[in-house]
Every structure is written in structure tokens, then in C-alpha cells.
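One chain, subunit A, links the two complexes that follow: it is found with subunit B in the first and with subunit C in the second.
Take a look at the complex of A and B:
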């Protein structure tokens, strides 16, 4: 099987601090990590490979040259190949232009059976790129997958997490799945994996390599535009209560009544 | 291709651009602002803040090749689940009505499903001027292919200027396919909408970076302008029993509708009585709850308030409670009226999932933890002593 996993490098939000004076996001010293949701996608792709011997997992990432390290990290946990989609022409892409570029990369690599994506990236938080890649490739997708129940290589049965439970959906290959955290526990890199990651050749694809229509790339191919970016007002702390449990309980039940929840 | 450059003779090296850049693309090299083109997304934040107009930005603009004047009206996708209209739809009808009034256009709904036409009347009572209904046995339960095919056909036929959908699992799964097929813009998870009176463009504001920054997004040249909108941001439209509206049956060209997935069954989440995305009150437990037994206390407290039970990642990863309860970056984003955090220290990944709640109440032994710092009301102490007292107090006040 040809298995593809799409990943994104994002800033580690644990490190993101707000400058108390300017109220701005401080980006200095913020480490770049693999989008946390993509780790589950990588793990599921590698598990698929293990189920179907002879399979290959290719990780694809679109981003600056530094995003290569995200691909190496994927290789360290069992991905075979890394492909970096990197071109200034692609800069400023919104979700439509991003999914176009990634779908062109996937077409360039040839035939595939299944594509895994994380449910969303933690910087943009849109959850739009996965389904839009499926649309661009004209294949079915299932989003928010919490479990692959069964797969015989031709059809696949998955559980789609919903607000009120889950739906069981069956579909055929080729297809795209976006996965949630519940689906697995990602493994840690092995020593062998770390060595492979170090040595791996990362293939870089430019817009020309992928025969992209430039009018569909970058800002030119993005129907949405950022008008402005601002920092929301920080939440201010409120009243602090100390004392014995009984006293605290009386106080807070009084507040419940004020708010109108009891 | 878009370009950005710094005029070296104008740059005074004040560093404001560096501070404002959300992507870490600006730095000062030898006292002059320098752009890392690999990181820049041409958002223009630096241009706005530069006191000497030293940054020159040339932005490419996407051309759509359509006449925007052909597109009229505000639409709300009337999401239904198992034949019931989702709560977010009534909120969208309220906000949709405001936008439609400002634009002086009708407000319409799209209702897709099977045997659901009777729900159209409810949508009219909540303010819809028109309801397009598309029914077919294959539409009984949500599937991406047929739903996106039908919504695409309807949009192409009727040409609305704005399409609003709930940022639910359903909305976020298939809105993106529809927007890609039509080649229009889609803005995810909006928390504010506004019409620019001059251009009639929809200003769509949404959180990014886990809510650390807000971005206002436009779809200036493409139509419709599509947005998914977060649940609980807008108030529900009021019911007007006398409201009049038109119900229009839409017969889709089923030969062009793909149906590559098969819905087999729905399995209800039995661990939660109340869906946390819908809840007005959430009682949430973290590491301080200590175990499965501790969650029994949290559940008892929640049940008493008619609240949903939430949890931090630490509690879910320890298997004290199911993942469907997890609030935060790798779980759900919630914005209830009241969020009661019990034994949750408030890691940034948790805070981004709940910090827009109206009122936050924290119960924690550690008064210095982040949750206690941001809470509207913080109670310092042992949750195992305080919560049983609160339960007692509520019961006493009711008897």
C-alpha cells in the first residue's frame, strides 16, 4: 500500500507567552514542533504499514526549509520518506491554496491508497485542509476518525467522533482520513528510527515540479485575506476567596444564585 | 508573486514590526528590520505598525472572475442530527438576520435530510424568510459526499452572498469540500461577524494560535463568503409564532451526487448525559481529582447543577474519564456561561479551550496556579472538602 500522511510544523504553544507590556505574542525562543494532532496521523499511518507488509509511508509537509525537521521526526517513528513542498510562490496560502498545493504534491508522487491528516493544526485551528485535499483529489474522506474498526485493503470501516457519540462509516480505498487524539498512542522514536531520520534524503518539491497553476498558489490562489491581526484583551482575575469549606460553599452558592444557575 | 521589502533609509530600527509579527518573520539585523521570507505570510501587521512607512508590501490578490452583484442573500445551513435541528442553527439565524437586515436581503435556510420538512416551520419561526428543503433516503444521516454535492448545487443555482454554518463536526467536515468545489473562501470557527457598509464584504473574526491572537478575515472577490461559526457565541433567535416564510422543495440532480461512503450506525456516548459543546454550565476535573472515584464527586456536583462534565488532558490520559469529555487544545473548545474548574491548574493548552467562558470558577489548593489567576471567582482549598459542602448547600437551598 502507498500510505501518505500530511503534517505541519507549528510553534509549540506551551512556549508561547504574552508580553505583559505590549500584550503581544512573544515568538522569540519558541520551539517548532510537529502539530500535535499530526502525531496521531503519523502513528496510524505507520500502524497501517505494519498491517500491510510491503507498504510505504510518505510524509508530506508544506512550509519553509526548516519544516524538514518535522519530516525527519516523522521518519524517526517509522515513516519511510519525507517530502517537503517548499516554494516562495506558495507563501501566504490560505486553506484552499494549501490544499491545492498538497494535492498537487500527492499527484506528483503517483498512486496512493490512503491519506492520513491530523484533525486540525494548532496554529490555524481550521480543520479545513484535510477535507479540501480530498475534494481536490476527488476521493472520499471521513473527518474526526477515532478508530479504524476494520480494513481489508479494499473497503474500510471507521468510527467518526461526533458531539453526541460516534458514527460508523464504511468506504472504499483510496480515501482520506482526519484523525483525533483518541485513535492511538503515538510511539516514541527508536534508536534505529533516529539513525534513519538523520540519514534520510528529503525530497523537495517546488511549484514547477508539481506543475502547479500559479494562479491557484499562494496569495494569488487564496480567496480569503487577512485584514488585520490583533491580540484579544487578556482575561483579568476576579475575586479570591479563602476560608473553611463551609464558608466557601456558602459564598459560591450565593454566586450561583446571582448568576442564575440554581 | 507577492513581495515585501524594507526601505533601509527609512527604517529607524525601532523593532515594533518584530514585536507585532505573529509569525516571527521580522528581526533586526544591524539595527535594520529584516524579513525572513520563509516565514512571512504577507499579513501586513508590520506595515500597519511601522512609524516611518519603511515596509513596502505588494500583495497579490486572488481574482474570482465572477460578478459579485449576481450574488444576493444570507444563508444559514440548518444542520440536523438524527432529525433534530442543531442548537447552533438558531444562533446563526439570529446573527444571520442582523447581517441580512444590514444588507437589505432575505435570510434563507438550507435543510438537508430525510422526512424533515416539518422542521422548516421552526426555522421560519426563528426568522428564516425562505427554507430550501432537500429530502432523500440517502440523506437521512450526515455523509460528506451527498451533503456537499447538494449544498454545492443549491449555491450554484441560487447564488447567495453569505453562507453561515455551525463550526460543529458536521459543519467543519463538509463546508471545506463545498468551498473547494466552488473555489470560494471559507473562514473557520468565527466568533464575530460584521458587514463593511461600503463594500458589503463580511468581516469574519476568528481566534488563531489557540486564541492567543485574533484575525479578521475577508473574502473580497469571491462569492459566496462562507464561514463556520462557533457554537454559543451568538444568542438564539427568538420564536415568533406569527412569522411568515416560504418553503421551497429543492430537487437535486441526483445523477451528479456522489455517495462513496456508507453510514452504518450511530452509537450514542452513554458516559455523558449532556453534550459539553451544548452545555451552559460545565463542571470540569483535572489532576487534582485524583482518580475515577474523584470523578464520581465531580459528576454528582454536575448533575445537581444540570451541568456537563469536562476534564483536563491529565485526567483523560490517566483513564479517569473518556476522551469525549476533554476540554482544551487536543480536546474540545467550549464557551459555557459558567465553567467550574476543579483541581485543574490551567496549563495553556487547557486555557485555550475554555477561557472564553462567561464566568470561570476555580477550586484549587494552589492559589498561584494559572487557573486561580484568571478565574472570576477562585476558591482556595481542598476540592474534596469544598465540593461536598457546596452539594449540601445547594440541596439545603432547594428543600
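Take a look at the complex of A and C:
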């Protein structure tokens, strides 16, 4: 089986700050990590490989040259190959342009059976890239997968986490899954994995390598405009009323009238 | 201190640290309290490729020698000195195969140990034969292609949980020290049973059991080295394994030191952190200096052993003295440092709510097994006398 996992390098959100002046993330001095949800995607991809001997897992990341370290980290926990999608032309991409570039990378690599993505990235947080890659490749996808119930390499049955329970969905290969953290416990890097990560050759793909249509890449190919990024104000504590039931009822009705609810 | 470790040595430390902190720390009290065997963590050691760090690559290991073993054991023991023993005692049980095994024996047993699929144990001690192994009563009497084992070993770490056992028995009781041989036994063999499990002061996540041999028939292919070479194999094993106990002691001491420094900074009495009292500072300073001295001695010893093993057999020298020094110094340091850590924690140090009382209990074993501190001193002194006498010639 050819298994692909898409991973994004993100700032370690436990210490991320937004610059109030520019509305940008303050990335200086912040450690870069593999998007936490993508660790579950990597683990699930590696478990698939272990289930189907002879399979290979390829991790793909689009980002600046330092995203290579995310790929090496993936190799240390069982991924076989790393592919870095890196080109100035791709900079400033929104989710549409990101998923276009990633889908071109996947096409360039050849035939595949299954693609894993995280549920969402902890910085951009849109959860759009996974499904959008599937659309660009014209394959089925299931988002928010919490369990792979069964798979015979032709069809797959998965559980999709919903707010009020879960759906059981059956669909065909090739396909794309985005996974939630309930799906597994990611393994820690092994010594042999770390050695492989150290030695691995990371393949770099440019927009030209992937035969990208430049008008669909980077800033040019991004219809989304970020107007402003801000931290929403903290919710205030609310107002507290005290007194007997009758008195309270009167005050509350009065308040409701005052703010126009009734 | 900077020890100029290689990139691969750093990797082993990082791998061990991640397992220690993420997997062992949350469960260490549980295993101490329940005295259960920590199989879930053994699986983590296996998954992380830690079980075979000292086993050559050709048998599926990582080929990083005694130094590799030392670094991994130290790092794990900073968090828990008992759980890590499953791995360290496996090394003790495996060394006789590495030292004296023929190619077929190595191929048969080492890969499963290196991958963590199987644990090993070392069976030397008996009720009547502790410091003096030659006093053993277990016999292995030749009968055609087989040896028939009878006797009881006691205090065997990983006993009952290990699959592979290196067992010492007398093939020729009349010949004393030259009548001992070493065999590889497997769990499940007819006539090989387990007796009582010891209830212990510390290292309670580690199992310590009796091994009972009752007309146990062992094929001659399971003999390690030559008949009568058992005691030599045991001594060579201990020369290589004592740094492992030293590493356990060092790890426990280093872990206790970290706890003590942190606590001293946070605990306020008389309106100030206790770390501001000079007597506490001096205790911490002594502890840190002792830990670092122990580490320097141990790493130097481990490097010496590995360099020695890489030489052609004729140029190899015994490293008994250095191994004994490292074990003696690290284990006595562990006792001092953990006792002082409890002192710095005050009454809280005596409570099971805090980790240092367990560290003190766990540390004590390191001055006892694989030869007590007194036996290490005997070994060191004996070598000093021999070296001096050799100069006279």
C-alpha cells in the first residue's frame, strides 16, 4: 500500500502570542513542532503500514526549509520517506492554495491508496485542508475519524466523531481521512527511527516540479484575505441579582425590558 | 559536566528520557505500591529499541556496548530505579551468552532479547552461597547428551518473568571453583519451576524469585563455554555488568538531587526558601559534587571496558578493579545522596506523597547485589596487591 500523511509544522501553541500591532503570530523564539493532530495521523499511517506488510508511508509537508525537521520527526516514529513542498511561489497560501499545492505534490508522487491528515492545524485551525485535498484529487474523504473499524484494502469502514455521538461510514479506496486524537496513542521515537531520521534524504518539490499552475499558487491563488487577527475580549462575569423570588422576578423582567428582550 | 558523548549516545539518552518521563513517571508509584511486574513499560523499552543497546548489531542490537547500557539505565533510573531493572537485569542474564556463547547460541537467543521480545535472568546466588558463589549446592550431573540439574537458586531478578536464564551449577562438585559450569535454560522446561517471590524494601516493581530445579534435563548444547569454566564466566560477566548497577545507582542519585534542589527552592520556612540556608546549600553542593564524580568514574570505566572488548583477545585485560570501583562509588553515593534528599525534604521526605523516600529505598539494593560494597573492596584491594606484586618481579 502507498500511504501518505500530510503534516504541518506549527508554532508550539502553549507559548504563542499574537502581536497586537500587526495581528500576526509572533513566531520569533517560538519552538516549531509537528501539528499535534498530525501526530495521530502519522501513527495511524504507520499502523496501516504494519497491517499491510510491504507498504510505505510518505510524509508530505508544505512549508519553509525548516519544515524538514517535522518530516525527520515523522521518520523517527516509523514513516519511510519525507517530501518537502517548498517554493517561494507557494508562500502566502490560504487553505485553497495550500490544498492545491499538496494535491499536486501527491499527484507528482504517483499512485496512492490512502491519505491521512490531522483534524486541523493548531495555528490556522480551519480544518479545511484535508477535505480540500480530497476534492482536488477527486477522491472520497471522511473527516474527524476516531476509529478505523475495518479495512480490506478495497473498502474501509470508519467511525466519524460527531458532537452527539458518531457516524459509521463505509467508503472505497483510494481515499483521505482526517483524524481526531481519540483514534490512537502516538508512539515515542525509537532508536532505529532516530537513526533513519538522521540519515534520510528529504525530497524537495518546487512548484515547477509539481507542474503547478502559478495562478493557483501562493498569494496569487488565495482568494481568502486575512483582514484582522485579534484575541477576542474575555467574557465578563455577568450580573448577579439577589433577593426573594418575587422581588427577583420583577428585577429580571425589568432588566429584560431594559435591554429589549421582551 | 561535558562528557563529549557521540550523537548516537545522545540519541539513546533522549529516547530513554522520553520513555522515563512520559511513560514511567505517571505509573511509578503504582508499581511500587502494587509490586506488579511493569510489562506495559517493558513494551515501551522494546518499541524504543532500548533492550538491545549493548548487543552487537549483527544480533539485532544497537551495538553501543556497556557505555550504551550505562547511559540508558542511568536515564531511566533518574525517574524510577525499579522499573528500569527489568532491562538492566536482562543485560546481566544476557552477558554470559555474549561472553561465552558460541555462534549458534548467540543466534538463537540474542535477537529476541535485543528486540525486547524476551527478558533474561542470571542465576548464581543460593541460600548458602551469596558473597561466596563457590558455596553453591546446585548440581548438573552429566547423563549422555544431557545434564540433570537439581537445586534451588534464590533472589533471582526477573525470575518467573524472564524467558531466558543463565544458570550456574556444579558439574563436578569435587573440583570446587573449577567444577562450576554455566547453562542456558528456558522458562517452561520440565523440572524448572519458580518458588516464592521476595517481598522487598525497595525496587518493588522488580520481581525477585526462587528458581527450583528438580531433575531438570538440559541438553549439552545449552552449556555455555566449556565445562568447569562457569566461575570464570560469572566473574567476566560481573566485570561487565557492575557498571550497570552503578548506572542504576547514579540515576537514582541524580534524580534525588534534582528533586532536592527544586524542593529547597520552593519550601519556605522562617520566611525564606530553605535553599537560602547555608547548611542546605552545602548539602546540595556535596550531593552534586558526589553525583558528578560518580558519573565521571562510571563513564570512564564503561569506555575502558568497551575499548578493551574491541581489542584482540590476547591484548584484553581484566577490568575487575575498575568495575568494582565504579559500582562501589556510585552505589555508596546513591545511598548518601538519597538519604540527604530525604533530609532536605524534612518530614515530607519520609512521606510516600513525595518521590524521595522511594528513591532511598531503591538506592539501598545497589550496595548489595552483584557483590556487596565489602566484596567490591575485596576485589579492588586484591587487584592492588596483585599489581604491586607484579612490579616486584
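Rule of thumb we're sticking to: the second predicted complex is superposed on the first by the 216 of 262 C-alpha atoms of A that agree within 3 Å, B and C clash if a C-alpha of one lies under 4 Å from a C-alpha of the other, contacts with A are read in each partner's own complex, and residues count from 1 in each chain.
Keep in mind that, in the parts below, contacts are C-beta pairs under 8 Å (C-beta built on N, C-alpha and C of every residue); 3 or more make two chains touch, one makes a residue touch a chain.
Just so it is clear, the structure is predicted and the values come from calculations on it, not from any experiment.
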{"item": "Touching partner for A:110 - first (subunit B), second (subunit C), both, neither", "value": "neither"}
{"item": "Touching partner for A:226 - first (subunit B), second (subunit C), both, neither", "value": "first"}
{"item": "Subunit B versus subunit C as contact partner of A:131, first or second or both or neither", "value": "first"}
{"item": "Larger contact residue set on subunit A - subunit B or subunit C", "value": "B"}
{"item": "A:198 touches, of subunit B and subunit C: first, second, both or neither?", "value": "second"}
{"item": "Which of subunit B and subunit C A:54 touches, first, second, both or neither", "value": "neither"}
{"item": "In the complex with subunit B, residue positions of subunit A that touch it", "value": "11, 13-14, 16, 18-19, 22, 24-25, 27-28, 30, 36-37, 64-66, 88-89, 91-92, 94-96, 99, 122-132, 134-136, 139-144, 146, 157, 159-172, 180-182, 215, 218-232, 235-243, 245-246, 248-253, 255-257, 259, 261-262"}
{"item": "Interface residues, subunit B side, partner subunit A - complex", "value": "1-2, 19-24, 37-45, 48, 59-64, 81, 141-145, 148, 168-170, 172-177, 179-181, 183-189, 203, 207-222, 258, 260-269, 275, 277-278, 280-281, 305, 307, 323-324, 326, 329-331, 337-338, 347-349, 352, 355, 359-361, 367, 372-382, 385-386, 388-390, 392-394, 397-398"}
{"item": "Touch list for subunit A against partner subunit C, complex", "value": "187-195, 198"}
{"item": "For the subunit C and subunit A complex, residues of the former touching the latter", "value": "7-8, 11-12, 14-15, 18-19, 22-23, 44, 47-50, 53, 62"}
